[in-house]
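The same subunit A turns up in both complexes below, where it pairs with subunit B and then with subunit C.
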Partner chain A sequence: MRFWAVRLGSIGLAVAGAFAIGMLAQNSGNTVSRLIALAGLYVTLAVSLNLINGITGQFSIGHAAFYQVGSYTAAFLASQLVARGIITTTGMPISWVLVAVIAAAVSAGLAGLFIGLPSLRLRGDYLAIVTLGFGEILRIIIQNTNELGGSYGINSPKAFVVPYVWLLAFLCIAVCRNLLQTAHGLTFLSVREDEVASGAMGVNVTRIKVAAFVIGSAFAGAAGALLTHNEGFINVNSFTMDVSFIILTMVVLGGTGSITGSVVAALALFILPEILRDAPAMPLNAILGSLVGIALLVGVIRLAMDNKGLGREVMGARLWLGLGVAVGGAIVVSIGTNFVPALANRTIPSAELRMVIFSAVLVIMMLLRPQGIFGHREFGLGKLFPKEVKA
Partner chain B sequence: MLEPSLLMAGLDPSALPQQLLNGLMFGAIYALVALGYTMVYGVLRLINFAHGEVFMIGAYTALFVSWQSGYFQGAQGLQRANNPGILILMLLASMIVCAVLGVLIERFAYRPMRKQPRIASLITAIGVSMLLQYGGALVLPVSPPRSILEEVNPYDGNHSISIKPKDAALQTAFTDAQARQKTADAALAAQIKLEGVSSEFDLSEEGKKVNSAALDARDATRGAKNNLDNSGMSLNVPYGQGIMFLTTLGLMGLLTYLVMFTKTGREMRAVAHDFDSAALMGMDVNRIVTITFVIGSSLAGAGAMMCATFLGTQLTSFVGVPWGVKAFVAAVLGGIGNIPGAVLGGLLIGVAETVVVWAGGSQYKDAIAFVILIFVLLVKPGGLLGSAKVEKV
Partner chain C sequence: MSEALLRLDEATIQFGGLIAVNKVSFELQKGELFGLIGPNGAGKTTCFNLVTGVYKPTSGSITFKGKAISGQPPFKVARMGIARTFQNIRLFGALSVLENVVIGGFLRQRASLVSSLLYMPGAIKETARLKREAMELLEIMDLADSANSRSCDLPYGKQRRLEIARAMATQPDLLLLDEPAAGMNPQESEDLMMTVRRLRDDFGKTVLLIEHDMKFVMNLCERIVVLDHGEEIARGIPSEIRSHPEVIKAYLGVEE
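Moving on, here comes the complex of A and B:
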């Protein structure tokens, strides 16, 4: 009884939550609505890559490829439907969007199977480069296929998909979470921890790896279909290596294997560049100065982290010294920049600056917290209300 | 898309040796960069994603040194100053700057992460690479359209090597055709002068006949020249690329000596074989890692300088990405961690790319490296010269 109450309650909450986000998006402007949809897509991508990378331990760095397969499947389907006069170019009925999502998930799942099969033989970095290569080959083939818009891109009818984007994200989270709660999920974890040992314990390593690839890429493909109908126009530049790297970064920064970590990191890493888009232009010397200062500061903190054993007074003195060096370095660099003719008195618009800040934050985060925000742990409501343990 | 038969018809077998040679020269640069990837991987088991950006900084160093030493941007673009010594200066400066950058990256970004899971180091590497790309875009100039090619490179021109001599009969036919064309051209010029018109299009009936005879003669000469050229076979080596290839071979020889026949080289091989045991045997592994980064990065710097000077790659702060990715593919193709494998992989990819372009698939040039890689890994999961073993991510 309690089981079903919790299940139905969770499902009801997820649907209500997705549609509440949809309402919110509908009431805000076009730009904000688009960002809310993209944020949801990134959550799905990060959590689905986490299944392959964090939970099963298969080193895939080409997740954008499956996103691309799904996206182009939906776009191709829509172009065929338009050509047959079933739908118009002005808008896509939601029922057809859902068909497109399923088709995209199936085709991306098949692509995952296609990539997952060689993964039986390849391990570690070799698998990584194959997944990366698959994405690049796919991108170049699509670029040269006129039926898919070539290098220009392909138009598809738009639809309001925000609630479905978030519903997909919740579904993806639920699948991964529930997988980990069952005996099936333990086999995935065991493959990550030790392939040889889990094989010896009777786990079908091959089947687990392929299953992880197929499930993860199917979710990425479904996300791709929603991207197509959210944007109304896609081209291959939306699926470059950088996108794969950013999704991978979300997984690692959140803590490999941690679903909540992936969600939080996906949201944070998606929102950060968007906030920076509106940042004011800054003088170059201040930027360089603060970069150097922060780099020195990070170095000092790392030193403190590595030398915990030293006495408090020694460490305190060193920290102050380090802080002084960091501030001094920042000031020296920012003043020194003015003496270099090519660099003096330049201001940098925020559009050029945001990726610099993004990558700097990334490096600093990794140096200060290498295990990711959540490590291997999860964060849930249970953490806020710890159960009382009877002695 | 072309029909397969049409595609085959377009192939020109006499151009193939030239393309293979070009491929080898390109491949040499891939191999130089791939050596950096493979050496770092061998020692640290880390994919050094920032290696492509080290390459980029090396190319820019070469550009700046060339500007500082007399190749400056004037009204007509870059001004030439014929002094090969500057090329050596550029090469050394690139290698030194890259070595310093590589060591700094290792010291401040990779060493703190060494005890962490390898994927964390990988993300740090990606972060450093992005920081250098976008940070570089803020301060580095986009190089002028002609780059530092040719204008800086005093070794313009080609060295032609004849493989098969040209047909003597065709040579006579060509000389005859040339003589006939000369006569026809003279007749046309005389006719134009006679009729007193400025253009050959305004001629009378008789003049038009002379004109068409002259055009026919020109066509015949062109045809004879084509026949003559196709009968022989020769290779053109641009002097600059020849120098590039020889320098690359020299550097590889130096590297082989260093790794195989010196004490440091033996230590490097020991650390690559087993990091922890090497440390237990009393080796200073940090020193070895630093040396590895010095060597790998300076090879990338040498490749970058030669690529910017002799191949004329246009410089932006993102120029390291395609070179880095393909060099990495070359390293994996040969078996990552394996030094001869990196050279083999680099040359193979260089040749494959030019052959694809020769076969008319220039739009697929960037994909061929990955296609070869995937097929090789399916057959030999450890790369061409490597060995596969179970390892954890």
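Moving on, here comes the complex of A and C:
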């Protein structure tokens, strides 16, 4: 009884949360509304790739391909519906959006099966290359298929999908979290840890790898369908290698295997460049100076992290010294740059600056916390309110 | 005469020009403590890999409980009732001690993947049952107090014991131990000997083990087969093996 009460309660909460986010988006401007939708899609993409990469340990870097399969499935379905006069180009009824989401999940899941099966014999870098190649091949095939819009792209009727985007994200998080709570989840982790030992324990390694690929890509496909109807127009440029890499970065930055880590990293990495869009143009020497300063500071902190044995005073003194060196270095570089003719009096426009800052943040993160934000761990309310330890 | 539990019949495997295991035949009766020894590179671990399905024999056959198992994938062999440990410890390092043993018991769980993904009552109950059984096994193997430590943080001797516990969690009929006493001090290997004997006496397991520690093998095993260069050179009870001229020659070389 209690189980079902909790279950229904949490489902209700998730639905209410998703529609609350939807309301928020509806009351915001078009740009913000679109960003809220895209943020939810990236959460789904990162969490579903985390299932393949982080939990099952299969290094796949072609996640955008499954996103693309789903997206084009939805677009193709919509074009067929329009051609048959079932819907109009002005708007897509939500019931048809849900059909499109399911169709996209199925077709992306099949693509996951298709790429998963031959990849089972491959490990590590070899698997990475195959998944990368799959993504590129698919993109180029679509680019040259006129029925799918070719390199121009394809129009689809729009719909207000924000609540469903977040519902999908919550579903994806719930499914991964459920899995890790059960013995089945442990076998996914055991495949990551040691395939040979897993086999010797009676774990069907093949089946688990395929399951991870199919589930992960089905979620990516569903996200793709929602992207299609959120944007109203898609083309192959939305699914380049960069997209795969940014999803992968989210998983690694969050801490491979950690669901909460993927969620936090997905939101952070998606929002950061958007905030930086408004950054003012800055002079080059100031940028170079601060980069050098940050680099020195990070180096000092790393050294301090490695020498935990030292006393507090010594550490403190070294940190202050390091800070001094960093600030000094920054000033020297920014002034020094003025004497180099090629670099003097240059400014960097904000559009390019934001990518510099974005990359710098990533490099600093990986230096200071190579295991990712949460490492292998999860963050939950239990961490805030620790249970009493039984003696 | 009762049916043998495991029977190797002229099992042979060839890697290119190298015959790693050449026409090795032996039988294990239920409840035996059986030793497989030989100098380095004799083909002992390859024999284990043949039995557990890691390799498929080039010729010859392997039968377990009267069924041919050669060519079956390792996970199927494990499900038929053969569990093993590894020479170079292969634990699931990032997982806890308890979780390692739960994975060993996984082949007996009945919940479907879908019910686990939806966290249905069936999956919850099965997981709880496996955890309970794993905890009982950890008590028996004297590992209960480190149940929640990461398995890679355990000291070496405990890691070896955990590997045996994990193999036991599959509830096998036959347990293959690959150098269980390697790297242990005399006290630890003494304890291990007691443990292995208990696995047979109290739990009715049949044990086939590879070991270099002669004292360990001679005191524990009832029958021994000696391999050298992939071929059997001797077999018998420990006292016969100890004085067998071929065995002495293989281990110590021949006097000029």
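Convention: the second predicted complex is superposed on the first by the 379 of 391 C-alpha atoms of A that agree within 3 Å, B and C clash if a C-alpha of one lies under 4 Å from a C-alpha of the other, contacts with A are read in each partner's own complex, and residues count from 1 in each chain.
One rule holds in what follows: a contact is a pair of C-beta atoms (placed from the backbone, for glycine too) under 8 Å apart; a residue touches a chain by one contact, two chains touch by 3 or more.
What you see is a predicted model, and the numbers here were worked out from it, not measured in a lab.
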Just to be sure I read the superposition right, which of the two partners does A:Ile137 touch: subunit B = first, subunit C = second, or both, or neither?
first
Check whether A:Leu35 is in contact with subunit B, with subunit C, with both or with neither, and answer first, second, both or neither.
neither
Residues of subunit A touched, compared between subunit B and subunit C (which is higher):
B
First (subunit B), second (subunit C), both or neither touched by A:His184:
second
Once the shared chain is lined up, is A:Val327 touching subunit B (first), subunit C (second), both, or neither of them?
neither
Can A:Asp194 be said to touch subunit B (first), subunit C (second), both, or neither?
both
Partner chain in contact with A:Ala211 - subunit B first, subunit C second, else both or neither
second
Same subunit A residues contacting subunit B and subunit C, which ones?
194, 196
With touch defined as at the start, can you tell me which subunit A residues reach subunit B in the complex?
53, 57-59, 118, 121-126, 128-130, 132-134, 136-137, 140-141, 143-144, 192, 194-196, 241-242, 245, 248-249, 252-253, 256, 284, 287, 291, 295, 299, 302, 306, 342-343, 348, 352-353, 355-356, 358-360, 362-363, 366-367, 370-372
Which residues, counting only subunit C, touch subunit A once they are in their complex?
52, 54, 73-75, 78-79, 83-84, 86, 90-95, 99, 102-107, 109, 111, 113, 116-119, 121, 123-124, 126-127, 130, 166-167, 169-170
Complex interface listing, subunit A residues touching subunit C
3, 7, 175, 178-179, 181-187, 189-190, 193-194, 196-205, 211, 215, 376
Help me check something: in the complex, which residues belonging to subunit B touch subunit A?
41, 47, 108-109, 112-113, 116-117, 119-120, 122-124, 126-128, 130-131, 133-135, 137-139, 141, 321, 325, 328-329, 332, 336, 363-364, 366-367, 369-371, 373-374, 377-378, 381-383, 388, 390-393
